[in-house]
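See below for the structure under consideration.
Letters are used for the chains, namely A, B, C and D, taken in the order the chains are written, and counting of residues starts over at 1 for each.
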Amino acid sequence: MRRILAAVVGAAMLAGTTLASAEVVKVGIIAEFSGPFAVWGTQFRQAIEAFQKVNGKTIDGHEVQFVYRDVGGADPAKSRALAEELILRERVKFIGGFALTPNALAVAEIITEAKIPTVIFNAATSIITRKSPYYVRTSMTVQQYIDPLPTWAATEGKMKSAYVLVSDYAPGHDAEEIFINNFEKAGGKIVGKARIPLNVTDFAPYIERAGGSGAEAVYIFMPAGAPSISIIREFAKRGLKDKGIKLLAGGEVQEVFLPAIGDDVVGTISSMHYTETNTYPENIALRKTLMEMFGANAVPDIGSVGAWDGTKLIYDAIKAHGPRITGDQFVAFAKGRKWDSPRGPIMIDAQERDIVQQVYLRRVEKRDGKLVNIDFFKSGMVRDPWKIANPNAK
Amino acid sequence: MLIFTILLDGIAYGMVLFIISVGLTVTMGLMRVVNLAHGAFAMLGGYLASVMIRHYGIPYVPAAFLAAIACGALGGVAELTIYRPLYRKGELAQVLLTFGLIFISIAAMTLIFGPRPIDESMPKWLEGLVDVGFRTYPTYRLFLIGVGAALALALWFIIERSLFGARLRAAVDDPGMARAVGINVNLLFTLTFVGGCALAGFGGAIGAGILPIDPFYALRYLVLFLVVVVIGGLGSFRGSLAAALAVGIIETAGKYLVPQLGSFLLWIIVFGLLLWRPNGLLPAKTAS
Amino acid sequence: MRALPSREEAPVLSIRGLCKNFGALAVTQSVSLDLHPGARLGLIGPNGAGKTTLVNLLTGMLTPDAGDIILNGEYIEKLKAEQRVKRGLVRTHQINTLLTEHTMRDNVAIAVAERLGYAWRTLRFGPQWRACQEEAHAQLAELGVAQAGDRRVSELPYGQQRLLEIAIALALKPKVLLLDEPGAGIPSTESHIIDEALEKLPAEIAILLIEHDMDLVFRFAKKITVLVQGAVLTTGVPAEIAKNPEVRAVYLGRSQQV
Amino acid sequence: MNQPITPASTPQLNLPASGLTALRPVDAWHLAPWIIALAFYFLVPPGFHTLGTNVLVMILFTLSLDLALGFAGIITLGHAAFFGVGAYAAGVMVSKLTPDPIMGLLLATALAGVLGALTGMLILHTQGVAMFMLTLAIASIFYEVANQWRSVTGGDDGLTVPRPAALLAYFGFEGFRFDFAGKTAYLYALSVLFVWFLIAWRIVKSPFGRSLDGIRQNPRRMRAIGTPVWWRLVAMYGISCAMAGSAGALQAHAIRLVGLKSLELELSGIVAVMLVLGGERRLYGAFLGAAFYVLVHDWAAAINPFYWMFVVGALLVAVVLFLDGGLMGLLDRIAALFGRKKSGEEQASGDAK
């Protein structure tokens, strides 16, 4: 016990002295590296490493060091403790990461007090960036990337009625709200909806009900991974696909998940702010670097681009303000900034510090034996609809 | 018609639970080992079958059987090396060690196969729909019901009608007495454990369409398997069948009829049942 | 705590018409017994005669279907096992039922603490626990095993574990003591230690001795009750019982075949 | 075996002095954990105090499990339920009722204790697997309540707890404010742990604690000496749950965020791991086990967050198979190796058993 403590204390002191003498900019990454959401952590890390490979590990001779911390799942208490640790023990200048909203929300108070800018690579609940002036988001919000889908479905898609199935958690509720609002506004009819508890594994009953409702389309919103794979398989196995009912989705049908779902998924329509098959030069660079570094199976997803752009924003800010950049300088730098992302042109909203970007509608197809998403519609620049509808909510 | 759909869905779900849990009920009843890591064998079966189908082109059903054999073999090794020293230890030690095995299995599967769920590997002939009179119904689920029923029948025959089964039942009732009348209990333990793990592997492989395989499988469904075993009564073959079907049907019915209750319903029922009958619905031992 | 002289005449424990059925099987059929202070009653009967059931009914492990158990004028058949113990009805076990991780003395001391109701007092337990230890030591000394007081029960020889069963029971200061086969499992070469222990039992305690070892019963008991198929066959002094042809027929004869 | 049994062989009874007032110099090691804990406060650079607080909270939680599981033998896989109740109760107290941390701590402790005793009344007449499934069921029901009762608990977003008032503000003393580096929280947690440790110490040494140790070994025997087994178990379970609630409340005050994780099966499992790792029924085992686990996790997760589960899993298997008595058992063996006969530790362990 004593020895362990001595080692811990010693190591800390060592770290303290090196910090004082070298110009190293540390960026703490809080993400899910273990647990059911471990995919996110891996994708973040690979994207950051890919970015560093392309752009170098130093900026004007100053090293940028990433310090990874595993939050292990939806664990706000741990997320907060990790943020505190990164700020106090590692003396990071920036924090990044966060796949899940609760983990991102948990650090609001700490980063405000410590004035540490925090770049959100994925967590998609609208309210987050209002909780601290030091949040900047490079991913998306749920309502933002869903926004064009219901409108398109009811009009050009010619779907008159829809059934809405969402997971019973905050992002699911956001998704349900925007889908139903926009769909009805565009003249469509919602014939039924259900909220599915997060721990459900057998989706047959929900799909059965949706199939029996007479809806022409079923919209789903699930956490990516096992549940969304099961529900899409069930959709096909229950014959809804054969009946001609359209499946509308989002993050569930990112390219990384398609092989796991199988050919059942072909024809699924989804909206997303990033399509893996797009031909922007930044995307080609990202894909190429990932495959070079992590093998042929490395496929970028929304986590990858979120992390890539977040890292780029931090790099650019350090380039502009040097290694001693303050939190307020960073936020000022980020506000209103535009750049070309692998997903296309993006911008950070000058008021909300939230991302503004295009949204793409895609269809899953099989090309050269591979399941991929192919764009068929591109929206204009979309601001987060929730923030527009709730200008003063905190 | 809804009631028939609920029943079919519930039974298909219950059959998967049964195939995976029946091995656990026998080991918990016979060896008195609280084996939380049982689900890890089911998960392994799912992974192995998927690898065989996708990388070696082995057809679905033989792949499931081969996966079952591999899981059985591994179970045998585990019984001889890890579980045997556990029999003499208390429940707490058993809970913890097998909890540790779950952690190791999660880490190992993440390392080998990555954190994502594995790819779909269902054959074409299972994908369609079959007309069952009042509606069309997924072939896959009918297949699960059929396989489950066939396995239940085979197991019933082995346990109730064969010499091995007689010895097994005797040992579940009273291991000391079984030893005294000359049954090689150690061998019986190993064989049973192998059988239980093989069944779990098989269930994991063919049940992957309902319980998708990913590294967290063993932890995610652990409580579900335990509920089946404990509600059915430790060591009770009939009990585990009844409990698996009951859990399947109750969960399914809950989702159809009162979706807002979530898993409250199941837990409240489990809680009530265990208070009412701590030894399960159909306990194996007459004396409590 | 001691039985008052004025109650000498009244039985300290009486059993009236006790019945218990397991399904269709009547394992206890209208059994009636009286134990007076200082009684030394032996209870014998062939296997399956219902001796164990009777002990379980008396101690509260089973509830009777009919009949009364009266301890010191109080009907106790509805009371829980531990409440009967608190009122002075104490048993030993046929199979050692001991705290094997504790020392011999702690086993007794815990019983003393329980009798004195110290369990809920945690503020000044130090001296109290000392007192329990001292009393336990004295109790063990009385039975002549105090030198082993610091040894863990799991390390003790079997005979001493049997004595510990008795020591724990005595530490509870019983009015009625049910000795359930105290000699069980002890090799005949060592049976004298049980004899010696039984001789040292305080005279005023009423004792019901259930025993397979006929020699022990006939040496110790002043009266013997014979139980057959759940019912009392006869009661008498040892000499009568030994001569009783019915007893010989159903019991002694059969036991010799065993 | 054929020793003559005569009163002449009766030895004098030499009892060691009992109680805290009678500690001898060889017992000075009892001070070691507290000296280390205080030294930690003064020596480590800022940023480590929160880690230290986390260790202290987990020690307290593990200690609570040692009472229920270690001493009383109540096999529970749902102890996190009461940790979570304490944490949520303390959190809600600060945000809705009073910012005073002590009041929140007391209320959270009481609530967890009462809920523990009530559920204990239902489940403690069962045994073995049925009992631990029931504890699991209770924890799952608590979890579902917290998950669905978003208006109070915040659901999966967690409950953000405002900064509590200074520690002794109630008495007009403003010196102990909860600071950003968590130094006050550390001292606060240490004080609460110390108080609970004294209570636990008294409990296990008292006839009450000893009777529960007896119930764990042989409930039949305890019933036969007149112990109301069920009531004792309920009482001990209630105390243990209250203690777990205190640990939860401390965490709520220190980290100021309560998540659903604090009610999950995983936490119940981890606290059992800490207990067995340190050594059951040793009180100090909770200190070793929790400190070791939290520090190793902190270290392993920093080096490679991907596969820390390997470390935990292997550790568990190794402890169960090869390390009876956990780290405390290992210490005993090392002490025995150095020939320190009858060291204070061994004696303490003997007493505890």
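Assume a contact is a pair of C-beta atoms (placed from the backbone, for glycine too) under 8 Å apart; a residue touches a chain by one contact, two chains touch by 3 or more.
The structure presented is a predicted model; accordingly, all values stated were derived computationally and were not measured.
*Asks:* Identify the chains adjacent to both chain B and chain C in the sense defined at the top.
*Replies:* Common neighbours, chain B/chain C: D.
*Asks:* Most remote chain relative to chain A, going by C-alpha centroids?
*Replies:* Relative to chain A, the chain with the farthest C-alpha centre is C.
*Asks:* Quick check for you: compute each chain's CA centroid and the global CA centroid, then name the chain with the smallest gap between them.
*Replies:* It is chain D that sits nearest the middle.
*Asks:* Suppose each chain is reduced to the average of its Cα coordinates; what separation in Å results between chain B and chain D?
*Replies:* Taking the average C-alpha coordinate of chain B and of chain D, the gap between them is 34 Å.
*Asks:* Using Cα averages as centroids, what's the distance between chain A and chain C in whole Å?
*Replies:* Inter-chain centre distance comes to 74 Å.
*Asks:* If you average the Cα atoms of chain C and of chain D to get two centres, how far apart are those centres in Å?
*Replies:* 41
*Asks:* Quick check on chain D: which residues sit in contact with 2+ other chains?
*Replies:* Within chain D, residues 306-307, 309 contact more than one other chain.
*Asks:* What positions in chain A touch 2 or more of the other chains?
*Replies:* Residues 34, 38, 42.
*Asks:* Listing for chain B: what residues touch at least two other chains?
*Replies:* Residues 110, 262-263.
*Asks:* What's the complete list of touching chain pairs for this entry?
*Replies:* Inter-chain contacts occur between A-B, A-D, B-D, C-D.
*Asks:* Can you list the residues on chain B that touch chain A in the complex?
*Replies:* 5-6, 9, 12-13, 110, 114-122, 127, 129, 136, 138, 140-141, 209-212, 214, 216, 220-221, 251-252, 255-256, 259-260, 262-263
*Asks:* Within their complex, state which residues of chain A touch chain D.
*Replies:* 1-2, 4-5, 8-9, 12-13, 16, 33-34, 38, 41-42, 68-70, 73-81, 84-85, 87-90, 101-102, 105-106, 108-109, 113-114, 169-170
*Asks:* Could you please specify the touching residues of chain C with respect to chain D in the complex?
*Replies:* 59, 80-83, 85-86, 90-91, 93, 97-102, 106, 109-111, 113-115, 118-123, 125-130, 132-134, 137, 141, 143-147, 149, 157, 159, 168, 172, 189-190, 193, 196
*Asks:* In their shared complex, at which residues does chain D touch chain C?
*Replies:* So the residues of chain D in touch with chain C come to 1-2, 5-7, 9-11, 13, 15, 18-19, 21, 202-203, 205-211, 213-214, 217-218, 220-229, 232, 353.
*Asks:* Spell out the residues on chain D that touch chain B in their complex, using ranges where they run on.
*Replies:* Interface residues on chain D, with respect to chain B: 69, 75, 77, 122-123, 126-134, 136-138, 140-141, 144, 147-148, 265-266, 269, 272-273, 276, 280, 306-307, 309-310, 312-317, 319-321.
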